[in-house]
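Before we start, here is the structure in question, set down as structure tokens.
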């Protein structure tokens, strides 16, 4: 019996969308006010979903406490109350769009999730904008 | 790398569920108070989800502003503060159930989304009732 | 010890904002698309708050089931799945703005709440617009 | 045209996570405070999703009222305001983890849903923890 | 300049409503299924609101981290994943209605809040039922 | 008849909490990771509440569209997608705590609201932290 378990968490961060290869005008035109040179920020809401078999003894697919701790040490401690562009290794070369943040989070968590489990990331940048990535 | 981006929006509309081929009694019996001859209404919450490849330069799958404008011009301007049965072409011949509204919205947006992208509609009629349609 | 208890409920209705003493142009100009002649609609979220002393024996200020039943019989049964302008006595002469709906609901419930208790109505017309009325 | 309709409901219940084959220490160590011998409790939020063809006449995939009544008689009446471990047949031998509750609910509803329709259960144990099961 | 700051938290607990001085029939009749002898449970959502002057140097009325820690040590550690009737001193003699829980929480926090600040408790027993208490 | 109307809106901004008169150590110790030199950010949710008499002709206390436009021009256009410390006049000398942001917003809006109406600001910095200010 395959089941998915999901854990919601969040982190607050500043970011700026910018492509170094483009001119200032191109960046301003393409990213609009998300290109603001002094950064802006978001409360990112993150849902991590892991899919796999239910253990017939414990009735757990995965211990939610283990998943919650993993999100804290791998994601929250890394990104919470940070400037994604300046304070993190992950976005030194990578434009911190919602899409790229979701892919980065997936890659950071993937190595800590058993190989035969499926991993999916849902990331809300605002209440009205969100992205989903499952490594495919 | 394939990712889904989603944008939430909403519109407020009146509607009435009714099948012209049925008698008044049949309609009343089948649709209950949703058949009220003078209409009732809803705050429809709409989530539009588009799936495709992330552009490696910009880090966008699709510009959320473009998607948001598309929803405004194609859906909100057409249905917001309208009587779906009386004020719209789309529901002159089509019963405005949540299912049919989702299909109509999918068809209205499909032609404006690149062909190799996948499109999914989630429509909340109330906080407790919603439907999902992806064109299959 | 004085405490407030609140119960959330909802009803779905169609309405149209219009002042009969004004011309069609005045109404259109003042109420915008809320003046649509064929009506539009909302999922109204209602919070009814009653304030009074906690009964020292039962530990209840008021039985939430009693309050819930009162809201059902007095408000939901009257307004749910109705056209406020056409199907209800209360809005035959009264423009169904959120403000007026809140006042009408307060008056309908007031006579069923013990006199020494305080009554407050919170009415959400949309997720972003709401009004509060307490009879003062 | 295949569409999914979903209905949200909820029930409030007490439970305790415990594996009878394990020692008290093993249970305490594995389940933490979810193993509390005197039980704790949750407001379980349940989303039932049914997928199938839209009926071309009525515009319904399934009558939401029928689905709502089914959830009430099969799930809410059985589990609401109950101690899952003590008051229900289903969890006499089954550890009431969120995963197992979702599987039990799926099995209880499956026989009442037309065979050619797909059934999915989403169960929120808290606002931040939820599971999804679709019978595969 | 007087301002209110609020912090949301939550705890999951089992409880049973019962008045020892009443007969089993009276309790069953008055409290309905909340009287279930084997308990049921809730995810209690708690909002603690403190009102006072803004410190002109720091711009804080109160450090939100201090308030959050206070709620954790005084309320969450005491009630989370507990059976309120059996596992806590506070509800050995007090019927754990939402009203009484709010009053108990107010009393537990009051002594830790500066005397010239105002304290208010909002407690959600379910998404639709909540109480407010401010010590008056 | 006095009524309150409220309008929700939001803006996304970066900020840093810092008191220039304090040493770096004092600031770090007092504000924790909110003192991050490279800023972090939030989705600020703003509720503006205006209280006054209902106009007996229109049934409006205040036109929600007028209030919504006022919030857009005075608050959103000023703070959305900005770095509060670097990009705004208001927080050049004022530490952008939630408390101070609420006071600044109240002062910006107060002059545009009729004098005999009451104005209240509710500002959510995160889903769990919010402040309320009414000018007293």
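Labels A, B, C, D, E and F are assigned to the chains in the order they are written; within every chain, residues are numbered from 1.
Following the convention adopted for this analysis, a contact is a pair of C-beta atoms (placed from the backbone, for glycine too) under 8 Å apart; a residue touches a chain by one contact, two chains touch by 3 or more.
Every value quoted in this text rests on a predicted model; they were computed, and no experiment measured them.
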Any chain in contact with chain B as well as chain F: A, C
Furthest chain, CA centroid comparison against chain F: D
Winner on C-beta contact pairs when B-C is weighed against A-B: B-C
Between chain D and chain E, centroid-to-centroid distance (C-alpha), Å: 28
Where chain B touches two or more other chains at once, by residue number: 127
Touching chain combinations (by label order): A-B, A-D, A-F, B-C, B-D, C-E, C-F, D-E, E-F
Contacting residues of chain C [partner chain B, same complex]: 10, 12-15, 33-34, 36, 38-43, 80-83, 86-87, 126-127
Chain A residues within the chain D interface of the complex: 1-9, 49, 54, 57-61, 63-65
Residues of chain B defined as touching chain D within the complex: 17, 19, 21, 30, 32, 94-100, 102-103, 127-133, 136
